[in-house]
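By written order: A, B, C and D. Residues from 1 in each chain.
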Amino acid sequence: MSISTNLWVWLAAFLTLTIYSFLYKDNIMYKFAEHLFVGASVGWSIAIIWHLTVFQYIIDPIKEAVLNKDVLGFILVLVPTIIGLMYFSRFSRSKGWIARWPIAVTMGYYTGISITPSIETNIFKQVEGTILTSFNPGSLGSWWALLLLVGVVTTLFYFFFSVKHAGFVGRTAKVGIWFVMIAFGASFGYTVMARVSLLIGRIQFLLHDWLGIIK
Amino acid sequence: MKFLTLFGILFLIIQGGSLYSEIVVEDVPNDAGEALMITWDLPDDVGNISMYRIYRLDPGAEDYILVGKVENPNVNVFVDHDPRYPLHAGTEFVYKIVPVDFSQNEVESLGTSLAVSPVAQLFNFNKVNSLIATLFVFAALIFFLNYAKTGKGLFIRKIAGLDALDEAVGRATEMGKPVLYVPGLSTMSDVATIASINILGPVAKKVAEYETKILVPNRDPIVYTIVHEVVKESYLEAGRPDAFDTDQVFFVSQQQFAFVAAVNGLMMREKPATNLFLGMFWAESLLMAETGNITGAIQIAGTDSVTQLPFFITACDYTLIGEELYAASAYLSRDPILVGSVKAQDLEKAIILFLMIACSIISLIAVLAFNTYAFNQVISAIFSF
Amino acid sequence: MMKFWLFLERLDRRWIYLAIGLSVIIPLIFPFNSPTTITPPTVNLWNYIDSLAETGKPLMVITDYAPSTSPELDPMSRAVIRHALEKDIPIIIYGGLYPQGFGMSQRVEQYVIDEMNHKKVNGDTIIYGEDWVLLPFIPGATAVIMGMGDDFHRTSPEDARGNSLSDLEVTKDVRRLGDIGLIVDISGSSLPRLWLQYATTRYGVPVGVGTTAVSAAEYYAFLQTGQFVGMMGGMKGAAEYEQLNEDLIEVKVRRVASIAMDAQNAVHIFIIIIVILGNISFFVMKKNKARRF
Amino acid sequence: MLFKRTLPLLVVFVLGIAMMIQYFIPHPISQSFKEGADNWIRIIGAFAIVLGLASFFHVHTRKIMRKNKDSIFSVVAIVSLIGMALIGILGKDGLDNWLFSNLYSYIIVPLDATMFSLLSFYIASAAFKAFKARNAMAFALLVTAIIVMLGRVSFGSFLNGLVEWIMVYPNTAAQRGILIGIGLGIIATSLKIILGIERSYLGGE
C-alpha cells in the first residue's frame, strides 16, 4: 500500500482536512470548503429536481397526456403546475399574497395526513405496550413491567400544562423527570459509539485510501 | 357477493359438504378489493400429499395460472394477495386446488370453486378505533375552544425555556448582536416545523420592538417562503417595517450537513448573542449547539425529536421537551383560544392515563382472580390496527 | 494540585478535540489488541454458520448498507465471508434489495479475495463459482424475495459476471430460497426484519443479522424470541466475530473491527475519565469558592 | 380578502379533512386520490426551490457587491452552484454523467461525512463541559451516561445486563411518555391549522 495517485482522492482528502481545521478555529480554508459545499449541494439538488421531478412528474406526463389526447391526465398535471407557479408571485410587491395558495395546499395536505398516523403510532401503540397484561409476583420481569407503567404515567404527568405543578401532581411530575433524565443519559452514552465510528471511517479514508499507511 | 358466499358455506354445511366441491372463496374485508381467501376441505389421503398448488382462472383467460402453494398438507387456507398476480375488485375469479404427492406429481384436483369477486370497501373497520379517537379529539378541542371564550381557567404552568425568551432577546439587544433562529431542518411535513413557525411570530415581533436583528437560515425552500412572510409581518406589526431586511431570512441548502457547515460558520463570524433552535432536528443538533457554546451564546432549544433531546439538554441553557414545543404558542400569546386547545390536550392526556391504569388493573384482576385472558384480547383488539 | 483543577475547569475544548483525534489515529496505526469479551448473540451466529459445513447448504451474505455505515458493517461482511471460505461453506454474496448494496458487496468481495490469495497456505486458493458467487442487483424490492422463494434461477438467472446460475457449482442446486442454509443480513436499517418476515416466515430459511450499534437495541427483542439465529451488534459484534475466527479456526488476518474497537475503547474511556475529572474539579472549585466568600 | 385569506383557509380546511378521511377508506378511488395528492404536493414543492435560489443569489451577490475580504467566498458558492447544476442538467447520460457523479462522490460525500464526523469531537466536549453534578437529576443523567458508555467498551461487558435493562425499562418508559405527549401536540396543532385557528403561516392581511 502506498500514497494515492488518484487526484480525486487528493481532493477529497484536502476537503476532509479543511473541515477538521474548523476545530482549531474558523479560517479561510474552512470558509472555502463551506461555500463550495453549500453551492455544490444546491446545484446537485437542482439537477436532481430537474431530472426526477420536473421531467418525471411534469414534462413526461404532459407529453404522454398530449400524445394520448388524455384531457383529464393533462389537467391533473397542469393544475398543480399552475399552483406551483403561483409561488413566483412573491417576486412582485403587490401580488405576493397569491403565494398563499400553494402554501395553503401544502399545509392542508400535511396537517391532514399527520393526524391519524400520530394517533396510531404515538398513542395507541405506546399505550398498548404499556398496559400490564399479566403479573407474576415471583417473576422479576413483571416488576419491571410495572416500573415501565409507573415511568410512562409519571412522565405524562410532567406534560400537564393547565394544572399547577405542586402537591401530588408536582411530586409525580418530579418522578417523571427522573425517568426522563435517566433516559437522556442512557441515549447520550449509547450514541457515542455510533459517532466515533464516523470519525474512524474518515480517519481510515485518510490513512488507507489517501496515505496508504494502514492496510 | 359476500352474502352469497356465506350462503354457499351454509349450504355446504347443511349438505354435509358432499354435493359440491369443498372449495370456498371469500373476500378479505376492509381492503381495496385486492385479496381473496380460499379454504378447502382436507382430502382423505392427506398422508400422501406433500403440498397444494393453488390455481386461478382470471376472467377472459383460457388457462388457470399458478398463484401460490401451501407446503403443509394439513393447512387448508390460502390468501391470494400477491402483487405479481393482482386481483381487481368487481371481476370474478375461479380457483382450483391441486394436491401434489411426494414424487412431485400433481394428483387429481380437489375441484373448482364458484366464481367470486373481491370487494373494495368504503370503510376500513380495522381502523374504527382510530376514527373514534379522531372524533373524540375533535370534540374535545371544540368544547374547550368554546369554554375558553368564557375567559375562565387560562392558567398554564411555568415553562422555563419560554420565560427565558424575553431575557434572551433582551441580552442580544444589550450586546448589539443578532438573534439566530433555526426553525428546524425538516419540511412542512413535520408538524414540529409548524409549531416552530408559530413561535417565530411573537419572537420576531419582540426582536423588532427591541430594534435588534434576527437571522433565520432555512433548509427547506417551502419553509423559507413561509418563514420569510412571518418575519416580515412581525416587523410590520411591531411598527418597524423599514427595519426588515429581506436577507435576514434566507435559504441555505437542502443538504443537511451543508446547512450545518454554513450555520456554524455564521455563528463563528456573526457571534449571535442568542441562538434559538426550535423545530425538528436530527444529528446536527449537537453540531450547532456545541458551536453556539463555543461562541458563548445563550441557547434555547425545543424539539419533538426524542433522539436529539439528550444533546440539546446537555448543550443548551433551556430545552423545550416534546409537547412543550407545541404548547409554546399558547403560552406566549395567552390567547384564550390557544390556551383552550392546551386544555383539550390535557383532558386527552388524563383519559390516556386513566385507560392505561384502568386496563392494567382490570386485566390483572381478570388474570389473577379469574384466571382468564379474555380481557387481554379485548385490549389488543382496541389498540391494534 | 489546585492549579491542575483550575486548569481543568478552564480547559479549552481544543485540547479535548486533539485527544479524541489521537485516541482514534494511534490505535488505527498501532493496534494494541484490547481484549474482546464474546457475547452469546455473536457465538450463536458463529456456531450456526459453522454448522452449515456439515449440511453443505450455502450461506447467503447480504450487504444491505450504504457508505455511511460501512465503517461499522464492512468488517462484519468480511469476517463472515472469511469464516465460510475457511470452512468450505459455499457462499452467495448479494447486495440486497437496494442498488447501493451491490457496490458494497463488490468491495467486500475484492477485499476478501485479495486477502485469501495473498495467503496461499498449502497452495489452497479459492475459485469463483465453486466457493462463492456474487449476485447482481435485481430491481423489484420485496417481490424479489418472493420470487427467490418460488424460483431462485428465474428471479436471478445470471450472476454479476454474466454466468448462468445453473452452471455454477454453488448455485446449481439452489432452486429456491429454501435450499439456502442461512441468510445473514448485514444492514443498519430495518431490512433484516423484512427478510425475517418473508424468508423465515414464508420460506423457512433462518436469518442471522449484523447491524449497527444504534439499531442493535431494537433487535434484542427478536433474539430473545429466537427469530434471528444470532446477531453481531456494532463494531464490537464484528470484533467478537473476528476473535472467534482467530480462536477457533485460526484465521490470522488484520482484524479491522478489533482495531477500530481499540479506538472506540480509547475514546469511551477518555470521555469517562474527563467527565469524572471534570466533576472532581467542579466540586473542588465549588468548595474553594465557598471558603473564600 | 376573499382570495387573500378566506379561500386559502377554506382550501386548508377542505384538503385537511379530505386527507384525514381518505385514511379510513380502503377503496381504490380513495387510494388513487391519495396518490394524486402525493404527486400534486411533489410538483407544487418543486417550484419553491426557485424562491430558495432567488434568496441564495440575492444574499451572495450582495456580499460580492460589498467587496470585503469574504466576498470571494460568495463567488465560490455561486460558481460551484451553477457549475454543479449545469453539469447535472446538460451533461451526457443525465445523472449518471461521470463528472457529475465524481463531483458528488469526491466533493459532496467527503464534506458531508466529515461534517457528520465532527460529532465525535463535540460529543466529548459537550460531555466534559455539561456533565456536572449540579443537582441530583444532573447526577442521575451523568451516572447513567457513564454506565452505558462503560457497558459499550470491550472490558465493560459485565455491565451488559444493566445497560440492556436501562435501555429497555427506564429509557423506554420516558420515551413513551414523551411520545404520547408529542402525539397529542401534533394532533392539536394540525387541527388548529385545519380549523383556521392558527394562521400565522399565511402572513399578514
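Just so it is clear, contacts are C-beta pairs under 8 Å (C-beta built on N, C-alpha and C of every residue); 3 or more make two chains touch, one makes a residue touch a chain.
If you're wondering where the values come from, they're calculated on a predicted model, not measured in any experiment.
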| item | value |
| --- | --- |
| Co-neighbours of subunit C and subunit B - touch as defined | A, D |
| Shared interface partners, meaning chains that touch subunit B and subunit D | A, C |
| Which of A-C and A-B has more C-beta pairs touching across its chains | A-B |
| Relative to subunit D, chain with the most remote C-alpha centre | C |
| Most centrally placed chain, judged by C-alpha centres | A |
| Centroid spacing, where centroids are CA-atom means, of subunit A and subunit C in whole angstrom | 25 |
| Geometric centre distance via CA averages, subunit B-subunit A, whole Å | 14 |
| Centroid spacing, where centroids are CA-atom means, of subunit C and subunit D in whole angstrom | 29 |
| Distance from the mean Cα position of subunit D to that of subunit A, given in whole angstrom | 4 |
| Multi-partner residues of subunit C (each touching 2 or more other chains) | 13, 17, 20-21, 24, 68, 213, 217, 236, 264, 267-268, 271 |
| In subunit A, residues with contacts to at least two other chains | 19-20, 22-23, 31, 33-34, 37-38, 40-42, 44-45, 87, 90, 103, 106-107, 110-111, 114-116, 119, 123, 127, 130, 149, 152-153, 156, 159, 180, 183-185, 187-188, 190-193, 196, 198-199, 201 |
| For subunit D, residues that touch 2 or more chains besides their own | 20, 23-24, 45, 48-53, 56, 108-109, 111-113, 115-116, 118-121, 123, 125, 127, 129, 131, 141-142, 145-146, 149, 152, 167-168, 175, 178-182, 184, 186-187, 189-191, 193, 201-203 |
| List of subunit C residues in touch with subunit A within their complex | 14, 17, 20-21, 24-25, 28-29, 68, 70-72, 212-214, 217, 234-236, 254, 260, 263-264, 267-268, 271 |
| In the complex with subunit D, residue positions of subunit B that touch it | 30-33, 89, 120-124, 127, 130-131, 134, 137-138, 141, 145, 187, 191-192, 194-195, 197-198, 201, 218, 221-222, 224-226, 228-230, 232-233, 236-237, 246-247, 249-252, 255-258, 260-261, 283, 286-287, 289-290, 293, 304, 306, 309, 311, 313-315, 321-323, 325-327, 329, 337-338, 341-342, 344-345, 348-349, 352 |
| Of subunit B, residues touching subunit C in the complex | 82-84, 294 |
| Subunit A residues touching subunit D - in the complex, by the definition given at the top | 8-9, 11-13, 15-16, 19-20, 22-23, 31-51, 53-54, 57-58, 76-77, 79-81, 83-85, 87-88, 90-91, 97, 100-119, 121-123, 126-127, 129-130, 144, 147-156, 158-159, 176-193, 195-196, 198-199, 201-202, 205 |
| Footprint of subunit C on subunit D - complex, ascending | 109, 113, 116, 120-121, 123-125, 127-129, 131-133, 142, 145-146, 149-150, 152-155, 157, 160, 164, 167-168 |
